[in-house]
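There are structures below to look over.
Both complexes shown next keep chain A, but they swap its partner, so chain B is in the first and chain C is in the second.
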Partner chain A sequence: MILTSANLVFIVTLTIMPFLLIGVIKKIKACFQNRVGPPVFQSLYNLVKLFNKDEILSKDCSWIFRSGPLISFSGMLLLCLSVPWLPLQPPVPGCDIFLFVYVLALIRFFSIISSIDAGSPFSSFAASREATLSFLAEPAFVLALVALGISAHSSDLALIFGQPIENNRIPLSVWFFSGLALFLSGIVELSRMPIDDPSTHLELTMVHEAMVIENSGPNLALVEWSYALKLLLFFGLIAQCFVYSLSKIIALPPLLLPLSVLVVMLALGCLTAMIESFSVKLSWGKNPDFIAYAVSMSLLSSLAAFAMNGGS
Partner chain B sequence: MNFVTPLFLAAFMLLLASAVLAIVTRKKFSLVCVALTALACVFLISGALQIGRSDSLWKLSGPFYLGVAPLSFRFDALSAVFSALLGLIALCAALFSHAYLKHLSGRINQKYYWCSLNLFVLGMLGVFLAANAITFLVSWEIMSLSSAALVVWNFSESKGQKAALIYLGATRLATAFLSAGFLWFHHAFDSWDFAKWHFNQADLLVPSMMVALGLFIKSGIWPFHIWLPYAHPSAPSSVSALMSGVMVKVAVYALLRFFLIDGSGSIYLAWVCIALGAISSFWGVLFAFVQSDIKKLLAYSTVENLGMIFLAAGICLYAQVAQLKEIAALAFVAVIFHSINHGLFKSLLFFCAGAIDSAVHSRKLDSLGGLINKMPATTGSFLIGSTAASALPPLNGFVGKWLIYQSLFMLAASETERAMNVLAMILIGLLSFVGGLALAVFAKMFAVVFLGRPRSPAAENASECSKLMNAIPAALAVLCLVCGCFAGPLITYFCRMHPLYSAVSLPSLPIGQIAFLFLAFAIFFYLAFLRKNGERIRYFSTWDCGYGSLLPKMQVNSQSFAHSVGTIFGHLLQYVTHFEIGGHDRRHFPERIKAETVMISLLESRIYGPALALVRLLNRHFSKLQAGSIHLYLLYVFLVLVAMIVIEVLA
Partner chain C sequence: MMNEVNLLTVTAAVFAIMMSGSGQSRTNLLLYAMQTFFIALACLAQAEAKGSPELYTVVIGIIVIKVLTVPYFLSWLANKIEARSDPGAFLPIPLTMHVSILLFALSHFLALGLPLFKGIGSVASDATGAISLLLTGMLFMLTRRFALGQIIGFLTLENGIFLFAVTQTKGMPFIIEMGILLDVLVAVMIGGLFVFRIQKSFEHIDVTQLNGLKE
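And then the complex of A and B:
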């Protein structure tokens, strides 16, 4: 990792963007509910507060409990550093689709076992739900990325995303459908509405929030921070898909690209907030139906990839 | 200087000596047997490492002639890889048994155990080295029968009887198909030498399918997997480790040797391998999810992994037919590499299961829990084993799966039939789904066994088992890590074994680098955020809504964790939950609540059961022919004679 100006931009984006996204989502939701809402950077202040707090641990838990948040934070940071951002190559090179997916899986494994560690029925059932949801959504996520990879003739993320517009061989339809599939599976992975309600207070219905019900202090801070990074990671990939599709329709000047990615990410935040304001949480049994939409989008994307691949 | 033949011979002799010694001697034989077997395994490993890339043939002449063909062995790179794996796992199993059998003492006949174990290893070694069909079949039979003897050790229990019968049935079927296929090949090529046989000729499709079918049955591929979940839980853990780690790989080895290594391929076999492999991987992991016995769960996970290996073999066959060299080489490496990986992590997990069994005297997930504080060393090994089995980086399981993904990805992107592109894509989706399920399976198993509060008094009072029983899984765990982080050289090595290999450019995997960065990050953030909070931690009970202490039963268990999966795939799993709530005011103050989950194996109830019933029905009618009366038999002889004369006259 060499500290160039590109990497500097990277690091600045990584530090500010996640909190900004969460803040924007909360602010817009508050607007729809006629509330003022918390300040945009409230999640950052929360983080600082949590890091200075004492920690309460369950008597039943072991070292696994504290390792979960640590691993998920380190893993998320590593992934954020190895995924390209539109005009920029990542500081950690060589990450391919499958490595990316399975580092996410590693994080999930440890978050599942650390949430069962304390022996709390709430967090354990949430862990069971998380496991179920994520394996249902996994094909959509993988196939959306693989469709892009097939069009780009490489499984290296750096050769799929982060390429200059003129070198980009991936057709519009693949970008668009992959973007949609990533967005829908992102809703599942990020436990947003209508799969999971991040702001409810009923333990029985929550997934992500219930999994970390036993965490407190710096431990909880790491969980929240890694969630923010995950949001950035997913929205970043989705936004890049949509910006590429846009660039196939109208010619975007190269300098505008990074800016447009940021704008699209904020727009995705707005969209998420609107979905959360206007839709209701699905009942547990309906979730597979929702995930089926994500899978079908990714199948459409891969079919488009095949159709375009032979033509060129 | 070449020591290959002497080393292997010494290994053979020592195994045989150990087997005989176990039966003959009267006292203190256990330690001697362990020493002899371990020494044999060491010879085996060093012999296998000596082989390298050389290729030599060794024939035993004289009195050891097997009727129609000599006892002959071939030492080449492919058999070296598999015999090295065998040597390693057998070494671990022998050492582990020494400590583990104390747990079973009084219930197991140690003499027969050691005799069968040595013969078992000997048989597998013979299969890996066999250069002709007769040597192969003889070794195959030694392997099958001695492993059946090991499964049978608790024949007094009805469970043991059932397991032994099912397993024996499966091995008989496998041998029958193999022998029939081999006879046909002998007829076609007029030789018993494997070197003269060509399995992939179009006109020999039927016998090659027979051989393949025998191999499928032996490796427990869907729909022949039903013996696995019976045999593994019934056998002692050290034997399960050998069976799951190496014995099912014997079939993979034979598949490689017969159909893949010569660089040709049969398209039909490719389709069969791909289809059965894909179904097995899904079926295995799905059924693993709902199991509540550690070893049964591991057995189903073996079905899953073998499915993935056969899937890769199918891809390799297809690529060889379609002349896609890079994909063929990659899939070939995937088959070998994942076989080794699975051998390492699955035997590790079975050894851990044995350690848990000897400490808690139970393998039921729902009577374990909280073992992390009682058995820290086993926990560590088991954690590494389960992360490897869920194919998570940086462990070896991930590398194997990554190779399969990459070969599928390259196939999807290649210039071949459009249908194959689409199929490869669908298989990628299926594998990712299976991967997600496998993660859930192993997360569930690890969490239910080691975390939370103990669910039974036995688990509460468990203590760490002996040092030897900790050291063996730990050593395997280290190997899993090494094979994962330094996969690059190994992949190149295996790739050179492929005949179509001509310096193909393989996609690179920076897994060591990523693992290093990950570790660096984790240590840094631990020091930065969590450690300094060390003195500011307060301990309190788990959140219980203020109702008072949580009982051990108020935790997620293996059934409740799997409930949502059970309902989603209810039809496949035949998963039914009955609730019974009773009492005077059953709505508000139920006096009695009973929930019961029933699961019937679909294949057994719908296919094998009716098939067996049909065989029994036919038997009942055919048995009338065998009335036991001498007059009747004389009549049969006479009738046959007449029939033959008539045929002769008519012809």
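And then the complex of A and C:
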């Protein structure tokens, strides 16, 4: 890994941006509820506080419970360094679509078994829900990325995303529909509002929050940090889809590209906060109807990819 | 050549597909209005390209009747008879949406095989959008339980036929275009009246149960 200026930008944004995104979402939600809300970097302060706390473990826990957050954090860090979530070449090259998807699945597997290992009925219940949701949402996510891969004639993420605008030959409709599909499945994967309410631990809404209910201290800090990194990763990819489809209509100067992706990421944060303020949580039985829209968008995107590929 | 896609017609078809994925009557009507609005825009583009003043009048007619009046009337009706959410028949509603995407793909291949009018812009993608609207409307009529869904499906089908006629010909006579618009308005009014009467007589508008009526 060589320290070029692109890598430096990558790493500096990697340290600041996840906390900024979470802070912006919380701040805007607070504005809609007429509250002042926490400071923008509150999740960073929480992280420092949690790392200095003691950890309480259930006496029935095995090593799996301790290793779950470690595996998810290290996996997320690996993905964040190798997936081009900014339109620059990532510091660690060679991340394939399928490597990305399977590392995410590995992380999910370990977070599920570590929450079952804690032995709490709450967290095992949430783990089964998480498994169901990811099973439903994964086809949409994979298909959207594969549609981009078909148009780019490569499954290397650095060749799909993270490219200069001139040699970008993926058509507008594929970018746009993949962006929509990634956003809708991202809502599911990040357990945001119409699927899961991230601000409560209530029985009705518990998916992600209840899964990590047994974690405390540094363990919880790692869980929250890896959640923030996952948010960054997804929002980065979605924002790039929308920025590239915009660049097919309006000519963007190449230097402005990373900056506009950052702006669109913050705008996506605002959008998520607005969805969370105005929508109600779907009942559990209605979730497949919502996810069906994500699958449809990715089907449309792969259809466009096939149709356009024949002609060009 | 294939990269030339008329975004307006394809967007209308995508709105129709999204419409077939929701069971809520009001969402269906909203998406129907969006779809018809994009068809009006496509018609406007045709009017500019062909330079025909009659088509501008047709665009205004579409926006007034099909984008504003009909969805408003039908959502008033849906509220009145409390038909808010359709449970769907024969096929679950999310699957209907996926099937209509497959029909979209099918209409792409159908449109490539047609002997197309060599006219303005990207005729093949216009035909794709039109055929896909037609098939989606038909599927919508087949898979809905409520009589209201049959009306919306019929209107989508009609949108498809209209779009095909506008994009694939040199233009129909003005009086026919306006006559069709008036027909649609009258059909919706009569359909609405029928739905209302069915609701009054049977206290439901479930068309699958109407089979039992035959003696």
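The rule we apply is simple: the second predicted complex is superposed on the first by the 306 of 312 C-alpha atoms of A that agree within 3 Å, B and C clash if a C-alpha of one lies under 4 Å from a C-alpha of the other, contacts with A are read in each partner's own complex, and residues count from 1 in each chain.
Note that in this section contacts are C-beta pairs under 8 Å (C-beta built on N, C-alpha and C of every residue); 3 or more make two chains touch, one makes a residue touch a chain.
What you see is a predicted model; the values in this text were computed from it and never measured.
Engineer: Fit or clash for chain B plus chain C once both are placed on chain A?
Structural biologist: On the shared chain A, the partners fit.
Engineer: Between chain B (first) and chain C (second), which, if any, makes contact with A:Met308: first, second, both or neither?
Structural biologist: Touch partner of A:Met308: chain C, not chain B.
Engineer: When the two structures are overlaid on chain A, which partner does A:Ala267 contact: first (chain B), second (chain C), both, or neither?
Structural biologist: neither
Engineer: Look at A:Val103 in the shared chain and tell me whether it touches chain B only, chain C only, both, or neither; answer first, second, both or neither.
Structural biologist: first
Engineer: Taking the superposition on A as described, I'd like to know which of chain B and chain C A:Gly94 touches: first, second, both or neither.
Structural biologist: first
Engineer: Given the overlay on chain A, how many degrees, to the nearest 10, lie between chain B and chain C at the CA centre of chain A?
Structural biologist: 90
Engineer: Going by the touch definition up top, name the partner, chain B or chain C, that contacts more of chain A.
Structural biologist: Chain A has more residues touched by B than by the other partner.
Engineer: Identify the partner contact of A:Arg66: answer first if only chain B is touched, second if only chain C is, both if each is, neither if none is.
Structural biologist: first
Engineer: Answer with first, second, both or neither: which of chain B and chain C does A:Leu300 touch in the superposed model?
Structural biologist: Second partner only, chain C.
Engineer: Touching A:Ala292, do we find chain B (first), chain C (second), both, or neither?
Structural biologist: A:Ala292: touches chain C, not chain B.
Engineer: Report for A:Pro171: first if it touches chain B alone, second if chain C alone, otherwise both or neither.
Structural biologist: second
Engineer: Report, in whole Å, the shortest distance between any C-alpha atom of chain B and any C-alpha atom of chain C after the two complexes are superposed.
Structural biologist: 9
Engineer: Could you give the residue numbers on chain A that contact chain B in one complex and chain C in the other?
Structural biologist: Looking at chain A, the two contact sets intersect at 288, 295, 299, 303, 310.
Engineer: With touch defined as at the start, can you tell me which chain A residues reach chain C in the complex?
Structural biologist: For chain A paired with chain C, touching residues are 171, 173, 288-289, 292-293, 295-296, 299-300, 303, 307-308, 310-312.
Engineer: Would you pull the chain C residues touching chain A in the complex into a rising list?
Structural biologist: The contact residues of chain C facing chain A are 1-3, 5, 10, 14, 17-18, 21-23, 93-95, 97-98, 101, 104-105, 108.
Engineer: For chain A, which residues are in contact with chain B within the complex?
Structural biologist: Residues of chain A touching chain B: 51, 54-64, 66, 70-71, 73-75, 77-78, 82, 92-99, 101-103, 105-106, 108-109, 112-113, 116-122, 124-125, 127-129, 131-132, 134-136, 138-139, 141-143, 146-147, 149-150, 153, 155-156, 213-214, 217-219, 221-222, 284-285, 288, 295, 298-299, 302-303, 306, 309-310.
Engineer: Enumerate the contact residues on chain B facing chain A in the complex.
Structural biologist: Contacts found on chain B: 369-370, 372-373, 387, 390-393, 398, 401-402, 405-406, 409, 412-413, 418, 421-422, 425, 428-430, 432-433, 435-437, 439-440, 442-444, 446-448, 450-453, 507-511, 513-514, 517-518, 521-522, 525-526, 529-530, 533, 536-543, 550, 554-556, 560-565, 567-568.
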